[in-house]
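Have a look at the structure below, then the notes.
Chain naming follows the written order as A, B, C, D and E, and within any one chain the residues start at number 1.
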Amino acid sequence: MPDLSFILSHAWLIPALPLASFLLVGLVLRPLHKPLAGAVATAAVFAAAGLSWWLAFDYLHLPKTAGGALPVLVPTSVEWLRFQEGLSVHLGTLLDPISVMLLVVVTTVSALVHLYSTGYLHGEDGYGRYFTFLNLFTFSMLGLVLAPNLVQMYVCWELVGASSFFLIGYYYDRPSAVSASKKAFIVTRFADLGFLLGILVLGYYAFTIHAGMGAAAAGQQALDFAFLTRPDVLSQLQALQGQFLGIGTLTLAAVLIYTGGAGKSAMFPLHIWLPDAMEGPTPVSALIHAATMVVAGVYLVARSFPIFAASAEALQVVMVVGAFTSLFAATIGCTQDDIKRVLAFSTLSQLGYMMFALGVASYEHPLGYTASMFHLFTHAFFKALLFLGAGSVIHAVHTNNIWQMGGLRKYMPITHGLFLLATLAIAGIPPLAGFFSKDEILAAALHSGHTVVFGVGLLVAGMTAFYMFRIYFVTFWGERRLSHLHHQDDHSHDDHSHADPHESPAVMWIPMAVLGLLTIGAGFVPIPEWVRLVPLDGKLPEAHHGVDLAVAIPGTLAGVIGIALAWFFYAGDPQRANSAVLKLGRFYAVIKAKFYFDEIYLFVTKSIIFRLIAGPIAWFDRMVVDGLVNATGWVTRLGGTAVNASQTGQVQTYGSWLMSGVVLAVVVLWATTRQ
Amino acid sequence: MGLASWLILIPFLTALAVLAVPTRRSDLIRWVALVGTAAHLALTSYTTWAFWQEASPDLVAVRTETVSRVYLVERVPWFESLGIDYLVGVDGVSMSMVILTSIIIFTGVLASWNVVHRTKEFFTLLLVLVTGVFGVFLSFDLFLFFMFYEVAVLPMYLLIGVWGTGRKEYSAMKLTLMLMVGSALILVGFLAMYHANGSTTFDLTKLAQAHFETGLQRWVFPLIFIGFGILGAMYPFHTWSPDGHASAPTAVSMLHAGVLMKLGGYGALRIGVYLLPEGAQYWGLFFMAVTTINIVYGSLGAITQKDLKYFTAYSSVSHCGFVLFGVATLNLMGLKGAVLQMFSHGVMTGLFFALIGMVYGRTHTRIIPEMGGLGKVMPWLAACFYIGGMASLGLPGLAGFIAESHIFLGGFFGNSWTNPILSRTLTVLATLSIVVTAVYVLRGLATVFQGPVRDPHHAELTDATLTERLSTGILVATLVVTGMVPGLLIDLIEGTLFPIVNRLQATGMAIPGHS
Amino acid sequence: MVEYLQSLTPDLNTWLMFTSALFALGIYGMLSRRNAVGVLLSLELCLNAGAVNFALFNRFWSPVQVDGAVMSLFVIAIAAAEVVVAMAIFVALFGYRRTVDVTQLNLVRE
Amino acid sequence: MLMLPELLIIATAFAVLLVDLFIAERQRGHLVLLALAGVLAALVALVTITPDTGALFGGRFTMDPLAWWLKLTLLAAAAVTLTLAQPMLATHKQAPTLGAGSEFMTLLLFNLAGMLMLPSTRDLVFFYVALELATIPLFLLTAWRRESLSSEAGLKYVLMGALSSALMLYGLGILYGVGRTMNLDLIGRNLFPSPPVIMAIAMVFAGLGFKLTLVPFHMWAPEVYQGAPTPVTAWLSVASKAAGLSALMLLTYRVFPRLLPQWGLYLALLATVTMTAGNLAAITQTNIKRFMAFSAISQAGYLIMGFLGAGPNGPASMVFYLMVYAVTNLAVFAVIALHHQQTGREDITSYRGLSQTNPILALTMMVGLFGLAGIPPLSGFVGKFFLFSVASKAGYNWLVGIAAVNSTISLYYYLRIIRQMYIEAPDPELPKLTTPRLLGTALAVTTLASVTLGLVPWVFESVRFSAAVWLEAMPK
Amino acid sequence: MVGQAVANVLFYLIVAVSLWLAWSVVSSRRILRAAVALMGVLGASAGLYLLLGFPFLAGVQVLVYVGGIVVLLVFAVMLTRSQELLEDHPSDLRHKVAVLAGGAFFGVHLWALRGMPSARAPRVSLPASDTEMLGRALLSTGADGYALPFEVVSLILLAAMIGGIVIARKTQPGQAATTEPVHPLAADAALTAAGSAEQLAESAPAPVSPPVREAAHG
């Protein structure tokens, strides 16, 4: 282990700061002094961001390992929970290219969102509570990123889920927000069940291998990533014959762990909670449901990539689910009216992108791994910017519905400029960040032979551009539409809805500006060169440079076509859009209703689980099981009355009972004592 | 008089002190009770420290022994001719249970600060009940164990009968009778073991060294397990728990769900598995199946409950199912998980019932649909409720997760004499409960604390008073500390469990990976 | 002469059959008579059969001793005591109920 | 002097009879004190002077350690019963509810003398005579009250008692016929389970089962307990049962030492049927004395479990449980007597709210009832535990199970009374109960004993030692 | 051998007489006749005692039993004024149960007899007179004496007498019939009912009318 600089050996400081401020703000400052609480929370996260940048800088300057890759360090590791001898959980920090990158992304976006929130939520009564949970979220996200073993990741995973539950449910007097937070927590909890089962399966087999190896695995614990990703362990895992419903054990474990990731990253079957999560305040959506939490699933797959790579079917699942989700979300995205829901579906689609990028990656074609991480890096910035932009628009106009906005170009120049910048980036227009990362993914898909996936990627790129510019044109171009409807995003304090919308205060647009810069700069950060999939033998092949034109041109073209279509329908007179909608008719309504998945889930939980299972069980318990207990009581009482009835009061009946006693005694004695 | 005897004696002396106070001075009575329980809490912490001084040096040696060591032992011969003696001592598992009970009784006294109806008798009976419980956890002589076990069950009848609500007499009677039937089964088991060992001694450690022949173990183990299972709310015999808790006053249901139901798990582990290893192996899988029903059945049953107390009672049925499931797994992690679950669930349910008592004290209704939006009105209680709820659904960082993760791993690792496929499917079914628990916890809490204030005059209710904040605060603190720093409790418990697992191993079957 | 005659009587079992028949009749009487005094009469039968039994065994098994006879004597005395007690209670009860019909006496029952 | 206690009792009986001639009607209450003095003198004599082994009248009257303990219980029970009777006899305050006080006490003392002699008999004649003296006065005492209920109870008791003593006599006759000697030690020499022996045993069990209220022979108990005056009921439930047990132990351990182990199943069945019938019937009772009858029946069921298996633990736990049962039962009867005396009501609901009207009385009643139910830390629990241990050692685990479940059912009906006292509100028109001084002391003594007998190991240990010595001295 | 025949005839004669009388004691409808029959049975058994060689016992039997007890029984019959009442037959169920009980007892005894070792009367010469031996046995306090039981029997007789007098007395001296404490039981109601039934019975010449209760429980 090369001697580490201060920050590298004390990486645990980065998550410790938000934790400390969480405790400080939560217990002390919240009831006492609201604005101070906000300030302390924001300062803590900014400090963490600074430390992360410093750590990243030091890390990148570390001497490379023999195979030319950046070293994997586990500077601190404290035993926390000892299940069994070889299976104990150490809390610690693991530094490798993707975790450092994630560290930087999370802390930066979180800091900016904190700053933005001080403005956005100014004067709200739940102000202190908001920042407490935001800090808790940041701590648990950092804990997840730095986790050296599966169990610490699972612990922080759950904490992230819980803090997102409280943040979505911030406006807890609004029933829609309450049910959204419940739905989010329960769906992710269901996915975490898969993750837990994955840990159990993997834990058991890894433990048997670890026990078998004895001295060779002295320092490591069974569930550490370092141990799990060792080549010899992986080969033994692959060799496991155990079949469960026809699926190999390793694949089963990988898929189960993937369900956890899919739940958190809202992949296809478990995506229903993300659109409803928009009920939370917009900065929360920006931080959690755009930049950080939702990418945890992608990070999980990336972190345990060697395990996934060991079983081909698992990666296949990842790829298919990713691709389908991106297409599925993109189609729905084109039809939504609520600006935040459109952005939510766009996030879904981009996450699908990252997932299928990992899906196509393998040791032969490692490009997908790097592309996914690169896209994660860039997407965090411009998606956060989009959300903050939407937030400032909502803040000004007090409604989410894009049809009640219009022509905001004139009133909010800064937001408009930055929003346009971000929309261009997400549409993949060079030279912005989106172009580079999307291009990498498409290249990875093409070169690894997955042409179908490449085609889907291209189509989605076009649709992304289409729906992004759709909301851009509707919101910022055209003439002003009055918002006569009831405020959806109700801010009681500045309720002058009819006055002209004004630009957001400085504390809000400054973080957006910073994100704008990052969106521009992110493309040029040499992530592909730093973040590379290290093959099992540790030797890195020489990296390829420059943009692959064969992929770049079709990608950009798709983007431009998308923009043109959006311009055609929505920039000019609105009639064109309405007529198109009429033509599509029924088909359009189905997509708009998100393929009725919400209704299906509601039906399953409400009628099947509650009315058909829980109700009868409660009834069964009261009637049958309790009935049996009461029945025994009743029978004993019956026995009592029977014995009492034998007391007739007739002396001579008693005499005959006595004589019967004698005769019976003789019979029993004779039966039992005969030699 | 050693430390262990003082631990049993203090609650009894407090009870006598309370009796001495004139009846009308009800506030003085409360203070005497509080001082008594506070003194007990102090003594418990000192004893834990003293126990740790004695026990930590031979933590390593214990890994290979087959008889668990007992510390701070006091032995006074009682009925020599029958081999009965007043044998009291402490070991890891019983120490953790004593800590739990001491916390629960202290917070219980705080939570029943506004009992006005016949206060003196209430506190006397409460303290006698807790003396019985301490007696069970600290005694290592089966006769003494059984004696304190029944002392613990009996005041329950009067406590629920006089101070209860709803169908109090019916549920008090049902509760007492079902628990006594349980103790009847246990009595048969104890006597069978006593005589199989040549009717020389009731001392637990000596009985552990004696090897009972397999046939006897096979029919005595189910008796002991079901006998204790009835108190631990095992599936078919759990019906007393919803009624009993629904009609019991706050402190009583806190004590009962929090501590008395743990007697069941404790007894099943300490006497069932420790003394009858072969019996445990023979019946292991069967009871694992029953307790899985217990877990899933309890949590599903809780979803549609309308009354808060029934809601919590069903949830404790499910959580107690975890305890017995952990005991039935018969390997180190499972047993450790069972003891941890006993501790964490004890604190959780104590917190829940205390809070329900406080909410009921204000809104005078326990029906969930009738309440709404109380989060704004009583933020402290709402926050504690949420922390308790999160702990019960096993959020990491709180005590619930530590115990449940142990039990799931234990269940999944199974043991070499049970069919791995079956034990794993049962464990998977059990893990389903973390989702179902999440559903009913969030659903219940959301209806009560979130959303608009449904009942107008709930709006001007007050938040927690000082005593209430103190009691809930202590319970929440315990949950968080155990969740964050489980090392303390795990080391305490592991010392005792190694010998038990070694005994299971000594009966000729290898546990995978156990060194 | 009397001793000589006794030695010629039939063997023990026939004697015992007689006493047990007497006892059985006594039992029948006690369980079927309606009049309380009738029940007492039957009781005397039983006790008498018991007394004869003792004398019988004494004479057949240990002719020299006289234990059995002593027992018979005491049985007779105790039978007397029982009759006195029973009579007293009947008379008292007759005072209240004006009847000695055993079947009617079942007030103490619910 | 071996016979000192018996002689003292007989002397007191005559003294009471004679003194009554000379004192006025009003001072009838002081007679009780005289009787009590006599009984206590006998008690002191037994404890201090009488050795626990020895023989008189050439072996006819012998003393053995277990008999010593039985006599102690009987004398204690007599003392408490007399205190129970005291408020009922004529005192300067109110008219007696129990006529002919002195004759009542004389008969009681004669009865006591009979019971004291019973365990010391060594031959059939003296055994039968002592047994008769232990039963006949009871017929009279039951019919003592000047009302139809008491006389009817007396009638039923006489008829049933006569039938069972006739059967007993016939059984002893056959025993004499087969054993060919009157001496109890020698009879068992060449007894083997032939038909006549079995018939003799069956009839003996009928006779003694009647006194112990074992199930097929228990029919008389409910009505007699209800009809008889309360002190007599108390005396019946405790002393008569003690006499029955000592007679049964005398015959089974002395005369049939080799056959007893073979009767295990018969005794187990008898115990099961007795306790179950007693418990089940007690559930639906409304009259407190009738309720105590069924409770006594079920306790007899537990009692005879001591006969199972070999070794001194059996008789020891039986005698110990008898002592505990006597003390606890008398405590409960003291409260019942008090309640009946002052309110005239015998139904359970009349005990409503006693915990508020007279908390100490309610507490003693509760301690007594929990003692009967066998709830720790009272000695009832310890006694029952040892009895169950004897049965379990003899291999009758199913019986222990049934007995334990039975004691749970018994807890149910004892709790029904405690519910009346503690949970129901007091009944306004019932007068508040006041505890007279003498009865108060008796209550205190019995309750204290019922708590400490179990906790203090010395009592059971010495009983067990006596049982060991007693069993050694038995003919093999 | 002729002595043998005489003894047997004498024995069987006495047995037949006493069994026949016993049957009438048990089943005759007039109580007085039953009492007289009992006298006959007891006399017969006195004869048996004689046959067995216990003249003293026979004497005591005649004196105490026949003289004392049966006379007392006749007094009781007079006192309870039931002699003119014709007791009707027991209901068939009670009859069957009683027969079953008696028969079962007898059957068991016969089965038991099979196991009894039968014995011929010993030829040994009997002691001069049993009275002297009885007297010595009753009063000697030695190993073979029965002085103590003798004293105890006297206690029994004394107790029976005292108790009998107290119970049978009409009213206590010096104090009115005790006021019966209030009984929630139906006793009083039943008492009045029984009383009225009684008046009915007396007026009608028919034998004691079987009250309704009997039918219910027959």
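Worth a mention:
What we mean here is this: contacts are C-beta pairs under 8 Å (C-beta built on N, C-alpha and C of every residue); 3 or more make two chains touch, one makes a residue touch a chain.
Source: prediction; values computed, not measured.
Removal of chain C in thought leaves the touching network of the remaining chains intact as one piece.
The fewest steps needed to get from chain D to chain E, moving only between touching chains, is 1. Steps from chain B to chain C, minimised over paths through touching chains, total 2.
Central chain assignment: B. Criterion: smallest distance from chain C-alpha mean to the mean of all protein C-alpha atoms. The greatest centre-to-centre gap from chain C, using C-alpha centroids, is found for A. Interface comparison, A-D versus A-E: the higher count of C-beta contacts falls to A-D. Chain A and chain C have centres, each the mean of its CA atoms, that are 99 Å apart. For the pair chain C and chain D, the distance between mean C-alpha positions equals 28 Å.
Taking each chain's centre as the mean of its C-alpha atoms, chain A lies 36 Å from chain B. Once the centre of each chain is set as its mean CA position, chain B and chain D turn out to be 43 Å apart.
For chain D, the set of residues that touch two or more other chains comprises 125, 129, 132, 136, 139-140, 143, 147-149, 151, 154-156, 159, 163, 174, 177, 195, 198-199, 202, 223, 412. Counting partner chains per residue, chain B shows two or more touched chains at residues 177.
Residue positions 16, 23, 26-27, 30-32, 36, 40, 56, 61, 67, 70, 74, 78, 81-82, 85, 88-90, 92, 95-97, 102-103, 105-110 of chain C each touch two or more of the other chains. Contact annotation for chain pairs lists A-B, A-C, A-D, A-E, B-D, C-D, C-E, D-E, with touch applied as defined. Across the complex, chain A meets chain C through its residues 647-652, 655-656, 659.
Here chain D touches chain E in the complex through residues 10, 17, 25, 57-61, 95-97, 99-100, 103, 106-107, 110-111, 113-114, 117, 125-126, 129-130, 132-133, 136-137, 139-141, 143-149, 151, 154, 174, 177-178, 194-199, 202, 344-347, going by the rule given at the top. Here chain A touches chain D in the complex through residues 636-637, 639-644, 646-647, 649, 651, 653-655, 657-658, 660-666, 668-670, 672-675, going by the rule given at the top. Listing the residues of chain C that touch chain D in their complex gives 16, 23, 26-27, 30, 36, 39-40, 43, 46-47, 49-50, 53-54, 56-57, 61-62, 67-68, 70-71, 74-75, 78, 81-82, 85-86, 88-90, 92-93, 95-97, 102, 105, 107-110.
The residues of chain A lying in touch with chain B in their complex are 79-87, 151, 154-156, 158-159, 162, 165, 169, 172-173, 175, 178-179, 182, 185-186, 189-190, 192-193, 196-197, 200-201, 203-204, 207-208, 211, 605, 609-610, 613-615, 617-618, 621, 625-626, 628-629, 633.
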